[in-house]
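Below is one structure, written out as structure tokens, with a few remarks after it.
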Amino acid sequence: MGLFKLKGFPGTGSFPHGIHPPDNKALSANMTVEVMATPRTVTLPLLQHLGVPCKQIVTSGETVSYGQMVGKGEAFVSASIHSPIAGKVKKNAMVTLPNGRRLEAITIQAEGEQTPSEKIWEEMKFTQWPRHGFSNYEPMDIVKKIQASGIVGLGGAAFPTHVKVMPNDTRAIDTLIVNGCECEPYLSCDYRLMIEAPGAIVTGALLTARAVSAREIVICVEDNKPEAIRRLQHAAKQTVVRVAVLKTKYPQGSEKQLVKAVIGLEIPLGGLPADAGVAVSNVQTVATVARSIIKGAPLTHRVISVSGRGICNPKNIFVPIGVSLAEVVDFCGGLRPDAVRIISGGPMMGFAFSDLSAPVTKGTSGLTVLTRDEVDKGAEETHCVRCGRCVDACPMNLVPTRLALAARYKNPELASQYHIRACVECGCCSYVCPAKLNLVQLIREGKVQVNAWERR
Amino acid sequence: MADQPTATERFVQGILPENPVYRQLLGLCATLAVTNGMKPALTMAVCVAFVLVCANVVISLIRNLLKPHLRIVVFTLTIATFVTVADRVLAAYMFQMSKTLGPYIPLIIVNCLIICRCEVCASKQNVVIAAADALGQSIGFGLALASIAAIREILGTGMLMGFRVLPSFWPDWVIMVLPPGAFITLGLLLGLVNYIDFKREQTRN
Amino acid sequence: MSLKNSNLVQAWLVLLLATLFGTALAGIQAKLGPVIEANKVKETMAKIPVLVLGEDLSAELAADNQSLTIKSRVIDVKKNGITKFYTVYDVWLPEGKMVGHVVKADGQGYADKIELLVGLDAQGKHITGLFVLDQKETPGLGAKIMEDAWRGQFKEKSTEKTLSVVKGGGAKEDEIDAISGATISSRSVTGIVNTTVANVASQLQVTDNPASNSKTPAVQTEDPGKNKEHS
Amino acid sequence: MMISLGIAGASMLVMAIIFSYVLGWANKKFMVEVEPKIEAVRDALPGANCGGCGYIGCSDYAVAIVADNVPVNKCTVGGEACAKAIADIMGVEVGDVVPLHAIVNCNAPLSSRLGRTQYMGEQRCASAQQVAGVQACTFGCLGYGDCVLACNYDAIHILDGLARVDYKKCIGCGACTKVCPRGIISIEGFREDIIPVVACSNKDKAKDAKAACENACVGCKACAKASDLFTISDNLSKCSYDNYSAQKHEEAVKAMEKCPTGCIHFMGAPVE
Amino acid sequence: MDYFVDILLIALSASIINNFIFYYFVGICPFVGVSKKVDMAFGMGCAVTFVMSIAAFLSWGITVFVLIPGAPVSAFIAGFFTTPEAAAQIDLTVLSYIVYIFAIASSVQFVEMYVKKFFPPLYRSFGVFLPLITTNCAILFACLTIMSHVAGVDNPKEVWDLGKAMTLALFGGLGFTIAIVIMAGIREELELCDIPKPFEGAAITLVIGGIIAIAFMGFTGVDSGVKKALKPVPHVSQVQEQPQRVALLNTKDCKGVIMP
Amino acid sequence: MSNTNRQIDSAMSPEDRPGRKPPFIHVAPSPHISDSRAGTRRMMVDVILGLSPAIAVSLYLFRFYALKQLIVCVAACLAAEYLFARMRGKYFTLKDCSAMVTGIILGLSMPGSAPWFVGALASVVGIGIGKIIFGGVGMNIFNPAMVGRAFVMIAFAQLMGAGAYENVTGLVDAVSGATPLSALKFNGVQTGIAPLFMGVTNGSVGEVSAIACILGGLYLIYRKTASWQIPASILITVALIAAITDIAGGYQGLFLLHHLFAGALMFGAFFIATDPVTSPLTAKGKMIFGVGTGCLIMVIRLFSGYPEGVMFAVLIMNAMTPLINRWTIPQPMGQREV
């Protein structure tokens, strides 16, 4: 591990432990981003981000235009929602998101003239994104604009971006890391974005850096994406943006691991990257930031990848947020008969779900459909033999088997002794476990137990 | 709460339902240490019985004179006296046995069984009940000791009470008469007793 | 502090019981003490006739209702600055002829201390018998040093030569066959015997006419070692 | 001989004097006040340490009774006899001891639940709760039996994918309530042998609720019209037990008959 | 030097080789009862060690000064009534059990009251174990062991002094602590195991105790080995021995070397 | 919300739709893929493969005696596992091969001359008291094979101890005569290093050849079925202590090599101590475990009455493992800076 030294950066280009799952990105990596037509209805859950739900500001029967704010994030840690289509607001519906959350959602039926999605995508792709002259922008203005555009982290966690880039006097940020690792197997949306719209990414990075007053800007890409690296390097010429090539390893895209790999610092437990003087943002997020600042467009669309052997035509699609996943699947030619598991996100950290009426949300990075062969490969579950493979795999340096058993036998005291809260639920332990234990699920359960135990 | 059990009930309780070894886990030191043969086990049981009965009776007689902070002191004083008596008598009339049992005779003093019965029963009940309780508990203790000793001696030496019971080609499991054998035998027997209980409970429902 | 609340008055029961029990125990000790002492002495003494005379002779003696005269003394041997004490029992026939000595010796065995009685003839030239008083060797292995067959090997060995332990055989004059699987125990016992003989044999003389005799009937008693498993 | 006896007795006496003096002195000097009542109450409690009273264990409850004048009737294991014994010690009146039992507020056997998908993770409710789409109803019983494992009295079982309480064994300790990740088990006082129960927890609107389960409460207010025992809130009917009595039984039966989805039941001792 | 070797051997023997629990079976009740949590077990171990030291101190003093024949105190008192020779013969060892247990019970109770009054946090953490210790065989066993090395020993050189007595107590207590902490560690682990219901609790604890006792048997003879290494016994005459044949399966490879 | 199956139906590709059932969708927690190469059974098979050189050497050297021990132990272990698992109401436990591994290790650690009932009893005790009573595979605190062997070692000291090997009137020449370690301990005889390394000395059937154990052990480490930390730290500790003794005694390195290659050290370090179930979880814990085992082995070899101490040392360290785990809870990433 130590042999690999990242040129020009304090970090080693990698982090201790971790795993190498087969990435299966070839399924969709070479598919150019397609644009999905405006859907008949969109369903916009009021909570698509981490934090407080936003407040609905339109009423049933009201007509809304493209990009109009329909939900306002009033709290600090919250994000507004904008309509991706022009249409009429219908009665609110209840939806169950793939992550299990049951929410109220604004339903909008398309009506009147629409702004075609193709236009938005072309804008992203072909605009001559500015490289210089950002000193005109006040950091606070950028932050306000980001907040007004309802931008959240598009890597999957959906943390409101304006909170992240809010200038902070106590914790100066000197590096902005733009995360283009996309370590999840199957997913390729960020890869496609980096290839097709590197300009937006570089501009977005510069703008975000301006907001947080970071001196250093690093775009991190794993070394299994040479094409993306080339394009980014080309786009970043004559700017302060640098491209760091990291070793391919899962979970390289996790914030803490990424910071460790690039800067060599560890983010304190329970802390934010800002505690290490770093801000981390996804490539798609910064591209959206660029669009929001330069073009004044809110976050209404995003690139997702639909992949896996269970889907007929794996694709990368530019979709309006709020379109139902069933439509997305239909767009990709439907499911194959041997498909058994539909996952929102990648196979390592995504959520399996069964209800395709759920909408695409800001945090949906993709849809992976696995077949029976891929899922049933493992043998039946046996008892943990304490082989310690999960310990070797855990990027957080935890003892997953102990955490899982503590949860299974309801021992929150033991679980907190073993630092259960530090777990990032990346799934490395379950992946390597020879006993096929559902370690991550148990640990998640353990966290609930620990919380209850500490409240007592 | 419920009525206090009578003397007879106390007596019967001690033998099996509240067996000091298997149910209350009392007096384990002696149980483990002297059960490598039937003879020492039975001698031990008799000594314990003697001390328990005498101590229970004496404590019961003076139960109204006890002061709380001096209670334990009086108990131990009484018990220790009778143990010394038993020890001396054994040394005088069964010298070899006394040597075999070694320090485990004086250790009867701190046998939790006795102090527990003094505390639980004798210091609250009249003499008859205390004596009956002591007798019942001693018989229960003796039975437990005998059961463990029988298994250990038979497996360990092929003999019981010095008579060969297993055929001579039996390879003696020396471990059974050594400390580990004691632990394992008692552990397994305890499991067995719990298992039988379990089954009985299940059939009752 | 009023008298009633005084600590001692409160504890009158303890004081009374303590005194009572103390006295009673002393009484019991006064009654049983001698018996116990006798038991202790008897344990050693009962072995002496067999060790010195052999089983047949001592049985004969017992049948005749005759008794040996036994006198004990302590020999201290100084070697390399360390003083070692040996209790030696000199044994005389009823008619006053010295027949031998029994030496009480101890040393480290495999598990714990081993206590031995070594019988020597009157001149201290030959070993007449060996008895293990106390041992805590492994049952089934080292504990076999107590068995007659193994102990018997020491009989008639000369004290001139140092005994050595060999495996399988033990045919030679100065060799002792090891117990299979318990070489250390065998060697410990042999070592103790060797040391004892080396230290004591030279200090034994034939003396007749015992001065003050402690007599013990040469009655064969049951082998006390039988029940001496360690617990 | 006599001297020996004397010395023995004397030395014992001296020793006893020393020790008992020191102990007596220490007893006074180091006296720490312990309320004897606490000990008495603790002895009177059954010692199951089940936590049913809401305290950490029996001794914690004993302290609370003595120190904070907490009602003496909270021990469900010991029941009335225990409450009476404690009341005697404390010199207070026993409050009304209503036997407590667990109620499962869901009545959908596996076949009635719609949108149930095969679930391949850890077979326990708390784990299944984390995964979306195990079944369409996000309120109802998951049926993996966390409550069965939690019950120390063998009083709750999973039958046909639904937790059911054995009222002969249930003592209302509340262990099942604590482990149920969906919080559908409640502990109620049973003033009668059987009481009406709205066996549904689905707070969705009628359409969504119907889509999730055949037996769901749709909040139609039919029961509320039939009896004032029932009130509707959040699209869900709720039964109030505070003024339930045998007289109200008839009303409850009527409400049960009115319910279109059949989610009102009588629970408690078997009716037959 | 020899004295320190003796002390070392006593310490080794008491703590590991002849462990109070695994070899002598004393202190089993707390071993089974208070070994559920490592912290509690450690507290119990400390309490036992502490009380054992106090008890050893008292019992050694009482034995030496009061009980054994010719002990100063009893001889002095008896001196008033009888001749000095007769006084020196007075043997009060029959009182030993009663005196020891008296001393243990009193000191335990005293310590308990003291700690309860003045160190409430300490009392909460380990004071609850103190009453249990009164009936802990390990303490009395330590006293009896000390007595057997003080009273009735033929060779005056082998009579234990206070240092040796305290060593036995301290390291006996240490051995007890080691045993109970190991067991508590294992029992915490057992919470994550699927033990058959009848074996839960005491039964499995005893079986594990048995397995550890087997393992501890591996130490048999370590004390004599150490003794041999540290304290060459001068009076054992050299035993001439024949080198033993080492079995080699292929005789031409036989290169057995006799060690110098 | 509408019926899920209907939704999936509509989402199926048009060509699949007519006459076909919609796909049956599972839900499961993340992650949804797992490493198909790893498996409990595979680990056990690896151990058997790793043991094969030692088995081969034992069969070559001891012929019938090794075969007998292996057959008796494996058969008894499987039977005991089946029986006890049945008693507990579990039926599938034979499939994971763990009982087989226990049987083979037990068989290899027996002296060739031991009668059949010794191996059988060891197997029953090992599986019963060493494993099933704790709940079966993965939950045992002690190495089952060593529990069984230690039990019979104490129970039948004469058939298992040093005596088993030096039975002069013995079966054949191959199994009579002392083992290298007992010869060293009791007679001060050192065996040559080459025969020790190649394994043409006497001893338990599987332990004699150091080279076979090293080969098998390296395979296990390569497969990551055994961690390298344990054997490495055991061997280094033993070598260090032996070296100190060596220098003190002036044996010119022979003593050190003798201790490394003689007895069950290699076998124990690679196959017994590395049992994942009974050794600590973390790398640091494994190091501590190995150092402890090494120290205990040397203490027992040098001072106690037993010539060999691997078995006892491993058992004692097994007992310590929960404590070691407790002491070596790793600091999670990010903890250190705070």
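In order of appearance the chains are A, B, C, D, E and F, and numbering begins at 1 in each one.
In this section, a residue touches a chain if its C-beta (ideal position, glycine included) is under 8 Å from a C-beta of that chain, and two chains touch if they have at least 3 such contacts.
These figures come from a predicted structure and were not determined experimentally.
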Could you work out how many touching-chain steps separate chain A from chain F at minimum? 1
Tell me which chains count as touching both chain B and chain D. C, E, F
Among the chains, which one keeps its Cα centre farthest from the Cα centre of chain B? A
Taking each chain's C-alpha mean as its centre, the one farthest from chain E: A
Find the most central chain, measuring centrality by the gap between its CA centroid and the centroid of all protein CA atoms shown. F
Sort out for me whether D-F or C-E is joined by the greater number of C-beta contact pairs. C-E
CA centre of chain A versus CA centre of chain B: separation in Å? 69
I'd like the Å distance between the centres of chain A and chain C, where a centre is the mean of that chain's Cα atoms. 87
Chain-centre distance (mean CA atoms) for chain B and chain E, in whole Å, is 24
So the centre of each chain is just the mean of its C-alpha atoms; given that, what is the distance between chain A and chain D in Å? 43
In chain A, the residues touching two or more other chains are 94, 96, 351-355, 375, 383, 408, 438, 441, 444
Mind pulling the residue numbers of chain B that touch at least two other chains? 33, 69-70, 73, 77, 80-81, 84, 88, 174-175, 178, 180, 184, 188, 191
I need the residues of chain D touching at least two other chains; which ones are they? 4, 6-8, 10-12, 15-16, 19-20, 23-24, 27, 115, 117, 120-122, 127, 130-133, 136, 208
Those chain pairs meeting the touch criterion are A-D, A-E, A-F, B-C, B-D, B-E, B-F, C-D, C-E, C-F, D-E, D-F, E-F
Complex contact set, residues of chain B against chain D: 1, 69-70, 73
Quick one: in the complex, what on chain F touches chain C? 157-158, 161-164, 166-169, 186, 305
Contacting residues of chain D [partner chain C, same complex]: 1, 4-13, 15-17, 19-21, 23-25, 27-28
Can you list the residues on chain B that touch chain C in the complex? 33-34, 36-37, 39-40, 62, 65-67, 70, 73-74, 77-78, 80-81, 84-85, 88-89, 91-93, 95-97, 99-102, 104, 172, 174, 177-178
Footprint of chain D on chain E - complex, ascending: 62, 66, 73-74, 77-78, 81-82, 86, 90-92, 94-95, 98-99, 102-103, 106, 109-110, 113-114, 116-118
